[in-house]
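So that you can tell them apart, the chains are marked A, B, C, D, E and F in the order they are listed, and the count of residues begins at 1 in each.
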Amino acid sequence: MATMELTKILRFSAAHRLASPALSPKENLRLYGPCVRGHGHNYALEATVRGVVGADGMVMDAAVLERAMRTVIDLVDHRDLTSDVPALIGAVTTGENLALAFYRMIERALPPGRLVRVAVIETENNRFETEAAGEAP
Amino acid sequence: MATMELTKILRFSAAHRLASPALSPKENLRLYGPCVRGHGHNYALEATVRGVVGADGMVMDAAVLERAMRTVIDLVDHRDLTSDVPALIGAVTTGENLALAFYRMIERALPPGRLVRVAVIETENNRFETEAAGEAP
Amino acid sequence: MATMELTKILRFSAAHRLASPALSPKENLRLYGPCVRGHGHNYALEATVRGVVGADGMVMDAAVLERAMRTVIDLVDHRDLTSDVPALIGAVTTGENLALAFYRMIERALPPGRLVRVAVIETENNRFETEAAGEAP
Amino acid sequence: MATMELTKILRFSAAHRLASPALSPKENLRLYGPCVRGHGHNYALEATVRGVVGADGMVMDAAVLERAMRTVIDLVDHRDLTSDVPALIGAVTTGENLALAFYRMIERALPPGRLVRVAVIETENNRFETEAAGEAP
Amino acid sequence: MATMELTKILRFSAAHRLASPALSPKENLRLYGPCVRGHGHNYALEATVRGVVGADGMVMDAAVLERAMRTVIDLVDHRDLTSDVPALIGAVTTGENLALAFYRMIERALPPGRLVRVAVIETENNRFETEAAGEAP
Amino acid sequence: MATMELTKILRFSAAHRLASPALSPKENLRLYGPCVRGHGHNYALEATVRGVVGADGMVMDAAVLERAMRTVIDLVDHRDLTSDVPALIGAVTTGENLALAFYRMIERALPPGRLVRVAVIETENNRFETEAAGEAP
């Protein structure tokens, strides 16, 4: 049977700054460069599910996938990721850590075993993509 | 030897509506939502071939891939997918079923074993991708 | 005082076909080419208001403009423009006629004298823009 | 003589929140909606100069226009517009107020009478454009 | 009567380099920077016609405008603008000079008085636009 | 442990023409079509690294990846790929050969074993991607 992937893309606008509480301001600046300052992005969030195409012609109802992704969007849109999102407290909000956290949140909101990939796009120059959420950062 | 993938992207504009003849209007509405009504898209069709790079510096002449894809575009561009395309009659024209049907059509128009992936992009929010055509829907 | 323009862009997916009831199929084909067949687009709708910037830092609350544009979007999204939209019945749904009709609908939903421009984008190749709605087509 | 316009587009990423110090939190929320919360954007800044085309085939050296725009970009990129940019202190950082402020800053950095338009694009849905800077907000 | 503008956008890929035969290599480098070296772009060409909307719902048949623009595209696509295009010989192929030359070529291919604007987009950062062709450069 | 991919995208503008010195002009024309003539593109270069996310929340410092990619960009931006880039002399500058050459150059500039994919995008219609550089062309 042919397998199929459905990818849905949603957008949100959020602020963040990159700094580890374990480091001095100087070390943070060396590590994260201009991203230590408060700034923000129009992010895109991509989530991909895989499976076989059913009799209804769908691998998964796109509305189901969208609903699962909205559990993320509702928490992060028009927010400061560094301070306003409980699920992200304690994590440096790099694109990598966002992708891992969003993967886990979307996975929990979907039927088991269907999510295969999550990507976070920060700007037209940077894309972060993970195929498995692993442990919490 | 390094393998290479060439992906070509072409665009077409078509109408469609999602409804299964096996279901009542009410069931179709519950299943397909607003897509049960006639509407349309500027679709993008992506096809990917893979291989090694030849002495001519190409994995496949892009004009050959384009010609194969045009066998699809010529059938669907400026058409109603639900009623005007013989190859799609009987299928619910979800992005998934389009991707499967287009995969088979492009595969037949190319040298055997070269096509590896076909994607159908409905809008900037939805992408459907398959790596193998499987049986007819 | 400096004047300012706010342009909001919303998207919708719709089907249409171009054919005048006053013409024969042959004449319609000569006039509208492949657009005489049922097809569709991911349209973008742009509306622009102009004015001076108030003490709140806004030329108009963007939510007010969005609400006015939604009166259009709600009528046309996931519809067949040729047959399903009462406000368009009798008009050939060219980009020009859509822009004129949408201008009038948005104008009625806004405070008088604020709307200055409406554009309809059919594809990445075609843009239709009007600065005043004039009489009904 | 034909007149020509050169438009240059540069991008920056910044945080902001919309709230007037003169208003209560409740009033700010009613006026600015979710934008009262800290969030951010990948902004685009467009500046347009007009004139006749010289013997060098240019209306203005694009490097001169870019340099003038960089006086803005250097102040706002990877910053929080609400708190970190002296030139914006006291202004609610709506797209409109940003466009007015950036107009004045670019105008000062260019030969007199050349700048004709500045636009700030917040997201793919919102564009703010001014043709004359007027007085300070 | 409402006026309407139709803008059509076509794309072409071409090489060019900026250097005036009247200048020394050093002067050309100072004036044109890295553009003195051979390089190229995926250009976009935009042409706008204006008028009233006719009984056919069109301000101008889009196929007529496209045909006029193809007289340019056919000359410049997959060419070196500096050496291969007779109509451009002797001109420094800045975006400005291209816009002026293309305006004249498209104007000649259209019914008189209909063309109102031509834009040449070199990259996502640079746009050149003219509203009247004026004399030859 | 979850693996992560970081993809960085940079752009450059370059000229090229496709022709093999081993072939006659007629054979080159038959093989490469209009690409035998000098032309050019706004290219995008994508490079992807893979790994586990470290304590700093990053799979690799994006500035390190950007620096490695700049070793390519500095050689090819605003250049004629056919004649001006020593590393490409003797290769037909197809998208495939560019992707292979750029893969090797970026790989040499990065810590071993981190680069997993390089893509060259010539236009919105053509993408060339390789996962391993293989031998020199």
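Here is the rule we go by: a contact is a pair of C-beta atoms (placed from the backbone, for glycine too) under 8 Å apart; a residue touches a chain by one contact, two chains touch by 3 or more.
Note that the structure is predicted; figures quoted are calculated from it, not measured.
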Starting at chain D, what is the smallest number of hops through touching chains needed to reach chain F?
-> 2
Fewest touch steps from chain C to chain F?
-> 2
Out of curiosity, which chains are bumping into both chain A and chain C?
-> B, D
Far-end chain from chain E, centres as C-alpha averages | A
Call it same or different for chain C and chain E: same when shared residue numbers make up over half of all numbers used at their interface.
-> different
Give me the rotation angle that lays the C-alpha atoms of chain A onto its copy chain B, rounded to the nearest 5 degrees.
-> 120
In terms of mean CA position, the chain most removed from chain B is D
So which pair out of C-E, B-C or E-F basically repeats A-B, with more than half the contacts the same?
-> C-E
Could you give the separation in Å between the centres of chain B and chain F, each centre being the mean of its C-alpha atoms?
-> 28
Flagged in chain E as touching 2+ other chains are 124
So, with touch as defined above, which chain pairs make the list?
-> A-B, A-D, A-F, B-C, B-F, C-D, C-E, D-E, E-F
Residue ranges of chain A touching chain F (in the complex, touch as defined) = 18, 20, 31, 33, 91-97, 99-100, 103, 124-135, 137
Mind listing the chain E positions that touch chain C in their complex?
-> 1-10, 53, 56-59, 61-63
Chain C partner, complex, touching residues on chain B are 11, 13-17, 34-35, 37-42, 77-80, 83-84, 123-124
